[in-house]
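See below for the structure under consideration.
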Amino acid sequence: MSSIPNVLAERYATAPMQAVWSPAGKVILEREFWIAVMKAQAELGLDIPEQDISAYEKVKDQVDIDSIMQRERITRHDVKARIEEFCELAGCEHIHKGMTSRDLTENVEQLQIHRALAVIADKAAATLSAMARRAGQWQQLYISARTHNVAAQTTTFGKRIAMFGGELLDALDDLEGIMASYPARGLKGAVGTQLDQIALFDGDMAKVAKLESRIISHLGISRTADNVGQIYPRSMDLRIVSSLASLTAAPSSFCKTLRLMAGHELAGEGFAEGQVGSSAMPHKMNARSCERVNGFHVLLKGYLTMAGSLSGDQWNEGDVSCSVVRRVMLADAFFAADGLFETFLTILEQMEVYPDVIAGENERYLPFLTTTTFLMEAVKSGAGREVAHEAIKEHAVATLRALRAGEIKENDLLSRLAGDSRLGIGQDRLDELLAAAETRAGAAESQVDAFSEAVSRIEKKYPGAHGYKPGAIL
Amino acid sequence: MSSIPNVLAERYATAPMQAVWSPAGKVILEREFWIAVMKAQAELGLDIPEQDISAYEKVKDQVDIDSIMQRERITRHDVKARIEEFCELAGCEHIHKGMTSRDLTENVEQLQIHRALAVIADKAAATLSAMARRAGQWQQLYISARTHNVAAQTTTFGKRIAMFGGELLDALDDLEGIMASYPARGLKGAVGTQLDQIALFDGDMAKVAKLESRIISHLGISRTADNVGQIYPRSMDLRIVSSLASLTAAPSSFCKTLRLMAGHELAGEGFAEGQVGSSAMPHKMNARSCERVNGFHVLLKGYLTMAGSLSGDQWNEGDVSCSVVRRVMLADAFFAADGLFETFLTILEQMEVYPDVIAGENERYLPFLTTTTFLMEAVKSGAGREVAHEAIKEHAVATLRALRAGEIKENDLLSRLAGDSRLGIGQDRLDELLAAAETRAGAAESQVDAFSEAVSRIEKKYPGAHGYKPGAIL
Amino acid sequence: MSSIPNVLAERYATAPMQAVWSPAGKVILEREFWIAVMKAQAELGLDIPEQDISAYEKVKDQVDIDSIMQRERITRHDVKARIEEFCELAGCEHIHKGMTSRDLTENVEQLQIHRALAVIADKAAATLSAMARRAGQWQQLYISARTHNVAAQTTTFGKRIAMFGGELLDALDDLEGIMASYPARGLKGAVGTQLDQIALFDGDMAKVAKLESRIISHLGISRTADNVGQIYPRSMDLRIVSSLASLTAAPSSFCKTLRLMAGHELAGEGFAEGQVGSSAMPHKMNARSCERVNGFHVLLKGYLTMAGSLSGDQWNEGDVSCSVVRRVMLADAFFAADGLFETFLTILEQMEVYPDVIAGENERYLPFLTTTTFLMEAVKSGAGREVAHEAIKEHAVATLRALRAGEIKENDLLSRLAGDSRLGIGQDRLDELLAAAETRAGAAESQVDAFSEAVSRIEKKYPGAHGYKPGAIL
Amino acid sequence: MSSIPNVLAERYATAPMQAVWSPAGKVILEREFWIAVMKAQAELGLDIPEQDISAYEKVKDQVDIDSIMQRERITRHDVKARIEEFCELAGCEHIHKGMTSRDLTENVEQLQIHRALAVIADKAAATLSAMARRAGQWQQLYISARTHNVAAQTTTFGKRIAMFGGELLDALDDLEGIMASYPARGLKGAVGTQLDQIALFDGDMAKVAKLESRIISHLGISRTADNVGQIYPRSMDLRIVSSLASLTAAPSSFCKTLRLMAGHELAGEGFAEGQVGSSAMPHKMNARSCERVNGFHVLLKGYLTMAGSLSGDQWNEGDVSCSVVRRVMLADAFFAADGLFETFLTILEQMEVYPDVIAGENERYLPFLTTTTFLMEAVKSGAGREVAHEAIKEHAVATLRALRAGEIKENDLLSRLAGDSRLGIGQDRLDELLAAAETRAGAAESQVDAFSEAVSRIEKKYPGAHGYKPGAIL
């Protein structure tokens, strides 16, 4: 009956993320935490024999999930079951002194979150690196930028990638801020007053403070919260899940845009060696990985609703109505984010563009996008501004109608303008102006440079980012 | 690496629900669907040898998930992998004729949904049965009803249960409506036009209609949608998940109320034989199962956000950006709903009330709740209405202040009133009126009867409801 | 300071919906409710002079919101303020007898919901009528159906509209079910036991039942809930808001698809007489109304989260933590739904298609979509199946590559096939087969008929649906 | 028809927040932005006469919303309508040069957000100040801390307030981080490439950079985004709304806890002078403001879902499907947050505690909470640890049962223990130990000090925080 796997973990998440959240992995994290507490307690004067601590250390990796589960069915208390298992393996009873269950579980779950965030930050950095590479590659590939899904002005594909990259940069910056200031709950006892640890050390609050600071440093978290209850505030979970949703927004938007581009055959997410499209329709190359990235983002927004529900709902010093929610939500949100980045990195690696289709689109729309230039030229040539404007508008509208009605196949606006004596511009000059417009995209090129520089700084901070290769995806 | 189980399935859901959603279970459902299609196609004239159909039938329960997964890693197409596996096992290739992947997967997923709904409807019926039993048991247990969490008027605990029961009754009625009108997508082909089945039967649309109606009847679903695309509309999933959230709202509210009652020691969710509370605090009996029910409801509302996101987002004839979402959301929402009902049924079975604490609360508040009666009596005795009202108000406020300030331990409003000549009512008469008020709760009793009658009708429709015993929960 | 209008009401909603939710409108609904209660109470024996009831009736439309607000600032009780205002206007005090605030507000808010649902149902019916008209108009306009945003098979634009129409039909059916079974809370008193009305009628529960049934019939709602507390269960609001999100999913998906089609210049949402596109880009016709419809759907899904939050969170007999939420959520959800339908009806009225662009797209993709037909022909002509399949695949892939690379401008697959002796099919026959495929879309045509018939039934039920004209939108 | 006000603005938000979002206020912000652009353009060399800029400045506060609306009904373009109105008032046409609508609206909306965040940060600081005052006042008021809504250990009410205060401190810190790094979109043109401004300055990109930096400094925002499209990324809105939900979580949890405490009569939210409770039930003081705070938080979580929906859904360089959503969501989220803080500040000002009820609760539970101390004393007195433990457990369980069954009214555990020879502790010593336990709450006192110190730092940063008085609330 336990044959139902976690779909997100199994199909999409990578090994480092699975390791953080696997049941066995969590048991080991807890045991390491208990050992760290014991060591610190012993150093601060509690009578815990060194050889007993060693006994625990020797068995800490012997994890038998079924055995623990069997104990839980009797005690109906998950932490109690894990205490008993560990003590029986070690042959002594020194763990969990002065601790309540939450002293263990809150801190270990925060450790999981903190480590999972680090995995995600690495992935985001690798993603930025790959985006910068692509942005550079296509820095001068001119495309028709679209607003409202309609061609608007010329841009470059590199700039379009840098645009989504800029969003990701800011989101990563935000995530780093959250990670840096993330406080561990610490050893605060049943209701947050540290009563039991203080009692254990005969009222010596300085020792308890030392104990806590050692534990925090074991966790690798920079600070501890001053004031908590049984639990750390659940708005912290909201901040985490929200930051995942924010961080994955840029990849999601990029993938949505790539799905649109694929529909126009301007670009595609690429195919792995050996992959085949539909046997019936050889031209059919579905943007299935892009669609999946969008799906992951939908999942994250559902987990965000769950995290929102838990926040602002603390009763007194805390409850466990959040327990089943956090068991599901936290791991699954991180699996989804991890799968999203892995999929997106694959897309960035395999995507391709079809420059001739792009050129065709530009050709169709460019004359419309250049009418303001023609207007200025006409005025310079002596035409009245309003007369010229009216003339251009007439021709532009007529051209568009003819194109839509199939009366013409190509945009012939220029020849219409050339033939209009009100404007006084020859075909050659018009062609010249149009040709210049083809590669005019404002600051697009320097914006790509700015993006690349920012990513260089990221690559220095995250040594594995540059050249990271995603694993094979389903 | 596949060692990360689905927490909801493993820890909380029951066997019938696990069976609907298990990977192996789904493979079998798909194979049964293919066989049903083959049989119908053969009867309608396609050349499919009977012994080949038998060959498929013989191997349909031989499910090797790993083998299928290995195939998928090559084809990158999950349905293709499962076709190959089944055909190799059977030794022939007759399944999936004229079908696209979605002809298989949409219908089978709808079948899973439909069966899962039936499991949930059974559970809801069993829950109503248990609630009616408890409502009847405590039909005359008078308690202080609260609004704004403050005592307001007298009610009975039976009526309070019937109140939440009434909500569940309406939600089940709604669910039944959804199940009854739930349309299967049917064999509609790649874009919903049935092109391939029509081609397979040489343009004979009547045969295709017959084929489809046989398939629908195989699924046990009453009707097929006329107009769909590649997929059935995702607003149907929204309706399903929303109905689960609606249906579980009453249990969730009941559990929240029981957590409040436990805080006042009026009632508790009970303890299993052998369960122990905290070793430090022998009086501590946490409403952990009630909290868990509330947690499940939070999960469901997160899945509702996911379902909402998919609705209204169909591109053309459909996409698979919903695929990863539905893989997770549908199964997990049903696991959560199933676990919620199972937990709630356990609470209903084990809950207990503390009549003396209840009596103490009633005693404290009853005099306040009865002041309007005293007023009428004073008027009958000749006092002026406004004079009497002012007198009672003075005493009530003074009593309350004295109680809060600890000057008195018990509500002594009556003796204050008895001593006030403006009212002219003696202590005996006041005691008499108060005693009568103790068991006066309007239509509460008959409302419980009305609830019980409605549940009787439900029990007739759902034979397993009455006396259903939940399994042991963690 | 009260100069901040409700944006949804002011910019998007129509007059009938504004009337349901306007502050003044609600005051009148409440007064009518009080009058109905008084009349029924008088008929059932309470001593309320007829001329006093008339006094109330005379002033019921004199609504001075500022005056009521001023009273509320003193009493801090909104219902109390409205009672005082109405009584002072009438010059007597007979309303609200035996009632608590919730007896008034719950029922009146349910009345608002019920009336608002009726407005929405009418709009949905009008929308179906307009969709059926368009589906019929374009029943034989062949387009390339897309899955994964890539051309897949031929369909008709009529069928595409019928596809979304089918989704709306089912959702309207669901809404009608909800409206039909919607129970009013009724006069249930402070905690749901009817204590005060029963006291008012000296314990005569039959009279109270009669009173309640008259009130329900005043509301125009078919039944009353048996068991409630201070409030009706908030899962009912969840069901309402969820049904609005479901009902608007089809318009939202249609609009998303139309935005995609506009991007390909296949169709557009049309322009009002006199509307101009961007002065710079005369070809730019943004699908702004379609985008707005998608925006409304996003709003509705946010209100759905709010409704979800309220459900399953009832404390005892009820609280008012839901009050501020419902003040905002209910009205705004209905305004959004109303604005959505009004905008969508405008789109349906003004939308246009560009048949020549459509023909161009079909031309580009049709040869690919017809390869299975060519295969069968080759086999009939004596070619080996596998040889023919391989030959076709080679040519199809080469053609696609040449198209994408810009080496050819038009799909020349047929001439490639005609030149391949392995297949043995001449150019003429290939042209003939392709021509036949152009208008082959399976059951698309009859599916449109089925949709139209279903809509005819709707039009009979909703007399205003056929020919409904949306107002001018911003 | 414009008589439907924004409920959140009108009933709950304060004047500074209304000013940010009022339609007239926005018009003025836009005009100021245009003037700032004109001035900078003139300084950088564009030919815009000084007196014309003055002409605009003179009329900038003459806002006629109706006139603008009338223009919009013709142009169907809101920005165009506002350009025309402003130019007609000024009598010249120099605004909006080289700008697209989004250059105006994105920046002005970001300005609104930035200013609204500042209002909220001020409120949060004032809230912390009020919480610190209350925490100090009740630093030594011992209460029974609860976990799972059941008494667990002793804490102080001051520490409980500091616990929620600690959550708010962290959330404010997070908000400040977001405000500090918030980038304005800047003058980026139609698709983000600054094409038009660059053209306006004849390709001089340095001038365009200068122009932009002046504009950013006009906005009071510290930096501009390098890479955007038509719009700034919508994940930024997600971050804003999420931070509001996070920031208000602590007040929401506090209010939920206060509702629970009010149910036990331990504390109340207080009553304004002159406010009356229900006339029927003089003891009834509803925690209506606390309930409202919880309601506001539910609203914010719905707006969070909307913000989530917009993120990750950008098509190409951007669309306006987000337009109607942001019109509603942003203002309403800020109104809700503002109303929440204002209501919560009122609660903090008016709340009261009932020390004698608190003492009664402590008395009931304290003996249970002190059993570990008794155990240690027995062992010191020579009793065997296991024997003593068993003895204490027996008595504790028996006492609890007797209390629940009403056999005893007060917790008599001590006299039971005193009479048990297995323990050997006299009644006097037990009383002594119990008395000591009454005021033993671990580090609670120093934790309150730590909170107060942190708040002192906040008060220095926000000069208006200390002593801020909320306005009268409804």
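Note that the chains take the letters A, B, C and D in the order they are written out, and that residue 1 is the start of every chain.
The definition used in the following text is that a residue touches a chain if its C-beta (ideal position, glycine included) is under 8 Å from a C-beta of that chain, and two chains touch if they have at least 3 such contacts.
On a predicted model such as this, the values are computed, not experimentally measured, just so you know.
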{"item": "Higher-contact pair (C-beta pairs counted), A-C versus C-D", "value": "C-D"}
{"item": "Residue-number overlap at the chain B/chain C interface, same or different (half cut)", "value": "same"}
{"item": "CA centroid of chain C to CA centroid of chain D, Å", "value": "34"}
{"item": "Distance from the mean Cα position of chain C to that of chain B, given in whole angstrom", "value": "26"}
{"item": "Chain B residues counted as touching two or more neighbouring chains", "value": "146-149, 152, 259-260, 286, 288, 291, 294, 301, 304-305, 308-309, 315, 319-320"}
{"item": "Residue ranges of chain C in contact with chain B within the complex", "value": "145-149, 152-155, 159-160, 162-167, 170-171, 173-174, 177-178, 181, 183, 189-196, 198, 205, 208, 225-230, 233-236, 238-239, 242, 245-246, 248-253, 256-257, 260, 294, 297, 301, 304-305, 308-309, 311-320, 440-444, 446-447, 450-451, 454"}
{"item": "Touching residues (chain side chain B, partner chain A) in the complex", "value": "1-12, 15, 18, 21-24, 72-76, 78, 259, 272, 274-276, 286, 288, 291-292, 294-296, 298-299, 301-306, 309-310, 315, 319-325, 327-329, 331-332, 339, 472, 474"}
{"item": "Of chain C, residues touching chain A in the complex", "value": "146-152, 259-260, 262-265, 280-288, 291, 305, 308-309, 354-357, 359-360, 365, 368-369, 371-372, 393, 396-397, 400, 403-407"}
